[in-house]
Amino acid sequence: MTSTYLRNRPEIETVIKRPAITMAIGAHPDDIEFGAGATLAKWSAQGAQIIFVIMTDGAKGTWDPEINQHLLAVRRQKEQHRAIDKLTSNGIVEFLDAIDGELTPTARRIAQVTSLIRKYKPETIISHDPWKRYRLHPDHRNTGFIVTDAVVAARDPHFLKELGSHHRPSHLLLFEADEPNYIEPLTPEYVQAKIDALMCHESQHETSMEIAGESTDEVTRFEKLVFAMAEKVGDKAGVSLGEEFHIINDI
Amino acid sequence: MTSTYLRNRPEIETVIKRPAITMAIGAHPDDIEFGAGATLAKWSAQGAQIIFVIMTDGAKGTWDPEINQHLLAVRRQKEQHRAIDKLTSNGIVEFLDAIDGELTPTARRIAQVTSLIRKYKPETIISHDPWKRYRLHPDHRNTGFIVTDAVVAARDPHFLKELGSHHRPSHLLLFEADEPNYIEPLTPEYVQAKIDALMCHESQHETSMEIAGESTDEVTRFEKLVFAMAEKVGDKAGVSLGEEFHIINDI
Amino acid sequence: MTSTYLRNRPEIETVIKRPAITMAIGAHPDDIEFGAGATLAKWSAQGAQIIFVIMTDGAKGTWDPEINQHLLAVRRQKEQHRAIDKLTSNGIVEFLDAIDGELTPTARRIAQVTSLIRKYKPETIISHDPWKRYRLHPDHRNTGFIVTDAVVAARDPHFLKELGSHHRPSHLLLFEADEPNYIEPLTPEYVQAKIDALMCHESQHETSMEIAGESTDEVTRFEKLVFAMAEKVGDKAGVSLGEEFHIINDI
Amino acid sequence: MTSTYLRNRPEIETVIKRPAITMAIGAHPDDIEFGAGATLAKWSAQGAQIIFVIMTDGAKGTWDPEINQHLLAVRRQKEQHRAIDKLTSNGIVEFLDAIDGELTPTARRIAQVTSLIRKYKPETIISHDPWKRYRLHPDHRNTGFIVTDAVVAARDPHFLKELGSHHRPSHLLLFEADEPNYIEPLTPEYVQAKIDALMCHESQHETSMEIAGESTDEVTRFEKLVFAMAEKVGDKAGVSLGEEFHIINDI
Amino acid sequence: MTSTYLRNRPEIETVIKRPAITMAIGAHPDDIEFGAGATLAKWSAQGAQIIFVIMTDGAKGTWDPEINQHLLAVRRQKEQHRAIDKLTSNGIVEFLDAIDGELTPTARRIAQVTSLIRKYKPETIISHDPWKRYRLHPDHRNTGFIVTDAVVAARDPHFLKELGSHHRPSHLLLFEADEPNYIEPLTPEYVQAKIDALMCHESQHETSMEIAGESTDEVTRFEKLVFAMAEKVGDKAGVSLGEEFHIINDI
Amino acid sequence: MTSTYLRNRPEIETVIKRPAITMAIGAHPDDIEFGAGATLAKWSAQGAQIIFVIMTDGAKGTWDPEINQHLLAVRRQKEQHRAIDKLTSNGIVEFLDAIDGELTPTARRIAQVTSLIRKYKPETIISHDPWKRYRLHPDHRNTGFIVTDAVVAARDPHFLKELGSHHRPSHLLLFEADEPNYIEPLTPEYVQAKIDALMCHESQHETSMEIAGESTDEVTRFEKLVFAMAEKVGDKAGVSLGEEFHIINDI
């Protein structure tokens, strides 16, 4: 039993100490941008080093049955690189290349993420909330459990000893949370960076952003929507704009 | 990331457009009737084609240690056929015959349900809510996750290509939900059809319906109970009778 | 479908009939004491026989990378024996010795717990709530699902027939619950017995109890904390001290 | 390392001491009769108690796509009972009822067979040779590995302690062996008993015995074939009739 | 038990009836060409339709750590298409795109190959011998077992019913066999077609064919080697050139 | 396809170039000594660095049901250290501590051994032959397949990239081989070192070496047996003493 037993859950928070190294782990290219793009842009501007980990190759992310999946995977890697450049000037990305839609929380995957946590030693880790209800895509749930299991493994010295010395992150932030308890206050420039990063995922405009074609109207509509959501989240914490997470500080 | 991100969750709803083809997927014979029997009877009366999928053979559904399980499985198939005939005049049933109590959400099972979704192309799918807390039977949880994973696989053209062309259902309704957000308004005839269907599962009278023996009193007591629950659910939506679900419309 | 469908969930309860035989199942040595130590001490004083089942060997429970894990496992077994003696004079313990941190809810593990339930025939079973959100350690979640699956298997006569005749417990109490609905009223002597039992797990003082060294101050601080939590829980049910659970009575 | 290292492999043997208790483990109903029917008839006549274990329900053993599999399983259980009565007057049979064609060598299955070995405490165990090449049906290979793994588990006191006290068989005989080293000498009455037992599996006449219809000619042809094979095997050991196995005596 | 029991194993054969439809299943691009390229060229010339199934994406088939694996996969698909065109004018290819090096014989993979067998209904299937000793690459062994399991599943009407109606191939030929019992007689043009097909896999020249660079000498050396092997195999059956297999005719 | 296709299998060999770094991988403490103890002693004397990898904790290696398994594991670690000191003056040992008897060839285990191969970069790897027939203990078979899979993964640059840069061993030697093709010539001092190392495993004297008690006679008998086997093996290659392996040089 960890020491969590001894503590009360925090109320809604809005400030954590400036993170020096942050690792964001998403199921597919574009998931991190949707969940935490503006927060990462802000932290990067404050000097943080951001590591992006993409669990799957994203090769099923299309409605077009004729697309070659390997070429789609290559295209999405390039889009991901461009998106990262919108959020931070010195981002690092690791593609784990699991088959899109077939990610499972195996010991192998947990070891892989544990290895990356021990390599980069992030203070803060950001990923999908595995406990979220009524979210259909299994890759999101499975990424979340891979990450929570890997955090436990990474912090304890006797787990997976062959994967380097242990490292205990200070914070785990989960996006897509049913029970958010942390809101990162944002300014418009960071929300705009998030939008700019999302727009780099051109292969996903139709399927994930409902932007059909290239018309300015569609893009403008999408931008307004992202700003509206950031406002709605910000309202909960009394700030103008925000992204929300469930934060776990007792790791 | 699917387009769910861009939308708000619906409030409690009570009307979906009349479903032409509906697939109901239950862990054992009788689970569909408990969860959605009246709703299916209503939709059938409105012209819908109903496909019933029974994941396990139900061969452990008895308190009698001496029963031959294969014969119990045969008996329960017959009961299921009779129950369907109480709900709809042209029902179709697929028995997947997993071993009762040992259902696991493997890639094989997900592919099997994906195959059926692509074969019948239902607009609406009904099954167990996998996120429900404090429900002990693992077959119910596992059926729920098999179905949610299969819905994602069925809708995307590059999943399981050998299993026919993709199909995107419009609605997923989950019964046994901790967070219901959809109530189907019912009239007494449909609740009665549900009761009639449940009564066809004679092998389950003792274990699942607490009807000991054949006395009219016991049956009447059971009928009153089912009506009382339909009233209680209906109250939540301001209708006289109802069955409740968590509905997911962004698939 | 079990008969749960026919019943309403109980409100918060505070009394169950005096349990003659109780089985408590924890992921690691010390988890049972944290979750239900005072309750078990009380029931034992009232004449109950308590069976303790420890799923893993606890061999990763240290921050010291140099410790030999086999020796740590031996030490923790001894600590567990001593802790049990603080709670009950005739406790029985079964060590299942899964590798700490690698417990998975396999058919093998479920069969193992089913076997123990059928051997000892407890009226009441106590374990981790598998549905709890935002608890990181996977062994806790996995222990919970192993137990809930084993309860279903143990109660039905056709499951795992080679493992002895079936047994249906009357109550399942889950600690670490997000939705507690049962509070056991306690007196100070039982809370003190819980503390005494926890103090026996000396190898865990630093990692789980944040007691650094042997100073009386640290121990006093920890004791106050445990009493404070018991008071806070007791308040919910209008009693002075308590431990809380989610209880399931329809098994 | 077991003591096998210290011994040479036996040459072809033809006599083992009269077995008091023998357990024969087959993938499907009829497999034991094909592999060891005459041997078991002989040993039973000499006073041995024979335990038959049938791993799968045999429900796919037909070329008729319209057959109800549960009814086929029931039919095959009856056939198996009748076949056993041709071989021995006091046979015992355990049906493990895995799904035909989907048997896998999981920890659960190994525990199940271990449990039976410890329950009946056979001196001799007979099953499929898992190392045989160029045999297509995976149930045969998997049964073989389940049995060899279970023999190791059953013999050692610390394996699967919840499944009763350990038992070390003296001999393991594997039929379908590429490297037979043991031939059981037979007389015609035992070969005839084997044929009589095989003929009880009427549902398999067409698929496994190539007996189409009920004509005496077909049956006679089949009988001659079985006798011819027993002669061919007997020749290898200088006896008139025989069944062959790979025997392992260092267990 | 299949009817194999009733038959003797065939001696070395050299002629099977002209196959109308043949399915060749290899672990990686180029494996089929190595194992059966000349045979397929011959059968195609005789009028057979050839279906090529490639289990993995081949994306680890390089010694260059800097190569993008998705681009390598695309390149190897193109090479495979060109190689097929050297063997047959109307070849069909199915890429199953498992991750190179991580192929496992899961129920999902077996179902996938079963599905293809039922779709194309080949008389003859060619693949890796799973029983071969001392071959290191696990993808070859696993492909072999996936294929043998799928052949059993495909032929029986009650297996995997959702995957189309059953189909029983007449012959299974396994290359890389330790116990070859079938040799296909060849003429030089077919061996040359095999070499031409292999040469299309340019990305593999260094790693699999030990052809460093583009010099004519290296290629000539490789061609001589392939001819020398075909002669050596042919010698066993008294023909000038051949490829060898273990053939199974009782399916 | 690897380049193996292009080469003939070697005949029986007796000399490989002096190995600088050798990794020996055994299922339990004492397996390496039985299989290759004298060879390792010889190579160490010639200057090689030897790495010992022990897959399981050996905690089931006793006939005494009362032994505490954790204490037995500790004892066997100490015995292993002493045994290594008999074979080499600067041996390194890695205990992977899988549960004895439950080793399975999972991706996790393969990654673990891959990691060690890349860390120590051995020229030669020695382990169990996974293809050996009629050896009952599954840990030996599974260790063999874990090692062969890990050798493939370790050598290729795109496998398990998070586990360090790739390394290609030159030789894989498999003991317990049905088809030995390599014999290491030995002198009596190395066979004596093997015996001395085996004698260090005192906990195994009864179960694996059939040495009951401490009498000099029993030990002498055992020593004679080991020398007799070394002579028998040596005979095959025309040398006085030897240990035999199946060697694979095309990795």
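Order as written gives the chain letters A, B, C, D, E and F; numbering starts at 1 within each chain.
The working rule: a contact is a pair of C-beta atoms (placed from the backbone, for glycine too) under 8 Å apart; a residue touches a chain by one contact, two chains touch by 3 or more.
Note that this is a predicted model, so its numbers are computed, not measured.
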{"item": "For chain C and chain E, chains touching each", "value": "A, B, D, F"}
{"item": "B-C compared against B-E, more contacting pairs", "value": "B-C"}
{"item": "Copy pair chain A, chain B: interface residue numbering same or different (half cut)", "value": "different"}
{"item": "Size of the rotation, in steps of 5 degrees, that lays the CA trace of chain A over chain E", "value": "180"}
{"item": "Length of the line joining the C-alpha centres of chain E and chain F, rounded to whole Å", "value": "35"}
{"item": "Distance between chain centroids, defined by C-alpha means - chain B, chain D (Å)", "value": "43"}
{"item": "Chain B, residues touching no fewer than two other chains", "value": "69, 107"}
{"item": "Category of the chain touch graph - line, ring, star, complete, other", "value": "other"}
{"item": "Touching pairs among all chains present in the structure", "value": "A-B, A-C, A-E, A-F, B-C, B-D, B-E, C-D, C-F, D-E, D-F, E-F"}
{"item": "Partner chain E, residues of chain A touching it in the complex", "value": "57, 68-71, 73-74, 77, 97, 99"}
{"item": "In the complex, chain B residues that touch chain A", "value": "1-6, 107, 131, 145, 148-149, 151-153, 156-159, 161, 165-166, 172, 174, 178-179, 246, 248, 251"}
{"item": "Residue ranges of chain B in contact with chain C within the complex", "value": "28, 30-31, 34-35, 59-60, 62-65, 67, 69, 100-102, 133-138, 204, 207-210, 225"}
{"item": "In the complex with chain B, residue positions of chain E that touch it", "value": "106-108, 111-112, 115-116, 119, 162-163"}
